[in-house]
Amino acid sequence: MTTAKPHLLALGAIVALGLLAALGVRSAVVLDLVFTLLLYAVLGQSWNWISGYAGNISFGHAIFFGCGAYASALCVTHGLSPWLAIPAGALAAAALALVTGFPTLGLRGHYFSIATIAVAALVEAFTRTAPWLGRANGFELPIASGWAALQFPQKGPYVVLALVLFAAAQLATIAMERSRLGYYLRALRANHAAAASVGIDERRVKLVAFAWSAVMAAAAGVLYAQYTLFIDPPSTIALGISIDIALIGVVGGIGTLWGPAAGALVYVVLAKAVALRLGGAGKGYDLVIYGAIICLIAALRPYGIVGTIVDALRRRRGAAIAVTASGAATAVLFAALPAGTARAAGAPIEAALAARASWKLTLAPGCALVPGARSGDFTVECAQR
Amino acid sequence: MAVRRGGEAADLADAGVEALATFAQLLAGGLLTGLVFALVAVGLTLIYGVMDVVNFAHGEFLMLAMYATLGLALLGIGPLVGLPLVALALLLFGIVVYRVFVRRLLAGPPEATVFGTFGLLVLMQGLAQALLTSDYQSAPNPPLQGTLRLGPVALSQATLAEGFGALVLTAALFAFVEYTETGRAMRAVAEDRIAATLMGIDVQRVNGLAFGIGSACVGAAGALLMLSYPVYPTAGVPFALTAFVVVALGGFGSIQGALLGAVLVGLLEVFGGFYLSPELKMVPVYLAYLVVVLLRPQGLLGRR
Amino acid sequence: MSAEPLLAVRGLTKRFGSLRALDGVDFDVAEGSLTGLIGPNGAGKSTAFACIAGAEKPTAGSVRFGGREIAGTPYHRVAELGIARTYQIVQTFADMTVLEATTTGALLRRPRLRDAVAHAEDVLAFVGLADKRYRLGRALTIADKKRLEVARALATEPTLLLLDEVMAGLTPAECAGAVELLRRILASGVTVLMVEHVMEVLMPIAQHVVVIAAGKTIFSGTATDAVRDARVVEAYLGSPLEHGEIAGHAE
């Protein structure tokens, strides 16, 4: 196993950069972009654990994201702290993962993939019809402010939280690669028979990976709900979201540490670029590009962008080089994106963010709108508890 | 006030007859719907049987077939007449896709076929969304718009044609696989690829043909579906999802299994839609899949 | 050494459809011994091996290991019980280094990675692969791949090591190296049961030989006695021979 140091350094650099952005950057659009990017990276990494490291491709991953988002909405609308939603959503997600995985993770890969589709469809149908889950309308979360309520008027603190989540996901993955779970997953992918002969129980090992993967996605869901303050089936658990997550994972690089981050970067940048050039008529062109990339990767080198780089530079401490290169590319791309550009209409999460601009305000008890210095500016102030 | 004869017993009899009529209607509807699912699923199961690939882009092939049928219809060639043309077009398309793409996937790790066909799905879906309008479009002046009454059961002629066409084509495929030399070669490759190679069978050629024929089945299904369904870019998705479940239920690689599974799914869907709600009609289908995979993963008639 | 054999196989039967691969095989493997399982092609050695290793479930019969019945145990549980195996066609972890592959085996009994790596290092030193520890599995020679498989198996700290035609494809020098390793394995207290075709290597080192033909045990005893046994010779050569013709020289 290669040493973790270069990865830890890279992670530290990214977190530092992100913190600077969170504190220094004023532009809401850029902070929005960073938040979306980090959230997608976490979702991609969560997908990566089961579909990349374990090798069982999940096409229904959005339901775990939805577990967190809906847990958050339910907690808040029932007067509970949204922080409770993290363990609650995580538990629900883990339970769903066990139900989906238990019958299928010892079998050939496609059984699992189809089961994820089936379970996702069932969850979506259930959510759309259950009144306590808001049916097709979903939930609007009441506005509040402060760390206790996990809501903030500015975007900065959200970006910080997203950074924390991203760092946690990366650290967990680094630790996993260097643990029994990681070795066992690698062995299962490398040679199934040999793995069994040294006592590796495929189903049990993969269930653990899948459960953790679900928990990660749920955490992202909680943060998302607290950010957009509006969740409904199309924005959280629809098949399209699952496909997006899978796209990010595959394009970036299945089974690699930095693949999901790279994939999220490509996804967000591409969505923006397409929106800039083609506006609403650009619908579909980004899918064409992703599809082409995925087909090329699958046919030629199934390891994605990061995997290919790492593979090629393996002997020369490729990880460090790959990570630095990705980091540099990220910085360049960010500098190249002009601030205040048009929103992408394609990505569902971004569509929900756009919708946020037009919601009607529901205030949590004890909070009030206070007009700001400039006309049209408002802040929310809540009475201390 | 009308005078009723007989009192309670007659009321029950009336209710019973009505329930029976409803049941018969649902049964017929479910069977016919199931037959169309069978035609979509049978191509998928053939491809899997011969080369171990679940074509996750299967729904997109169906969408392509439906649009091709629409195109022909706009040129004046109706869906029924156009069916052989569309099937042929999809046959060629499938062979090309195999030669250019799927063949390479088979050389990689097992996940490569899963996300490779997934990539194909995304690519085709993107092209559809980019190049075609997202409006629902129907074939202009489709034939067979009448309704047929068989006792208490009312069936649209189009649905009957779809079901009947599906049955004929599925039977034809079965006969092809069972009785022709190419079909036997396919079964040989399905059973043991290496042994088939040793017996002089060109596996790549058989694979390509299987992929092509599987696509042709989807082509025929698409043409038939245009008799009563509209097409739009994501039209293939619900059929594809159903097809996966059908194949899994019936048994991967088994044509008879696909037929059985499809009929079951069709019945579950129609009865589910009626007794639960149209929104929840797929719920019993997916539940059935999970139950089957838990108890008998290889499906009802599958061997793998 | 206790009187109870470490491995006791009784009436082992395995049918594949109508084919009877094993038809009531009986033999014992004494603790601390090196037992050879031999027989002509198609005799059922591999099937017997697979049944003991847990890869196949016997149709009937019993396999007792350390006093416990283990026939039909799920394949991935067998290593935990103390039985490790190698494969006839070597199954490498192609993209893992030698150390990583061995560590994977060591993780069975030592869940903490640090401990597992330390143990793996010891095992690699024991089998003589320490200097190649960072080589990738696919970059090894056949002999080293086999050695690695043995290392991986030994890392699970087995009581019984099952070797499936480990000598196949090795040069005489490599065979000698393998024999030397086997002696060291025995000396460390691990019992060895090996299926083997290369007689020149097996016979000198095997303390006990079991001969299987047509799915039945036809001989169980020392190697020297095996070559003189009429039934064994008949099984290999197909016709009864005069006693004096066995070693190839006339009496």
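Observations
Letters A, B and C mark the chains in the order given here, with residues in each chain numbered from 1 onward.
What we mean here is this: a contact is a pair of C-beta atoms (placed from the backbone, for glycine too) under 8 Å apart; a residue touches a chain by one contact, two chains touch by 3 or more.
The structure presented is a predicted model; accordingly, all values stated were derived computationally and were not measured.
Each chain gets a centre from its C-alpha atoms; the one nearest the centre of all protein C-alpha atoms is A. Distance between Cα centroids is largest for the pairing of chain B with C. Between the CA-based centres of chain A and chain C the separation comes to 49 Å, rounded to the whole angstrom. The mean-CA centres of chain B and chain C are about 50 angstrom from one another, to the nearest whole unit. Note on chain placement: the centre of chain A and the centre of chain B lie 34 Å apart, centres being C-alpha means.
Only residues 1, 178-180, 183-184, 186-187, 190-191, 193-202 of chain A touch chain C when the two sit together in their complex.
Against chain A, in their complex, chain C makes its touches with residues 53, 75-80, 84-85, 87, 91-96, 100-101, 103-105, 107-108, 111-113, 116, 137, 149, 152-153, 155-156. Within the complex formed with chain A, the residues of chain B that make contact are 54, 56, 101, 104-105, 108-116, 118-131, 134, 233, 237, 241, 244-245, 248, 252, 277, 279-280, 282-283, 286-287, 289-290, 293-294, 297, 304. Residue ranges on chain A touching chain B, taken from their complex, read 51, 55, 57, 59, 103-104, 107-111, 113-115, 117-119, 121-122, 125-126, 128-129, 189, 239, 243, 246-247, 250, 254, 283-295, 297-300, 302.
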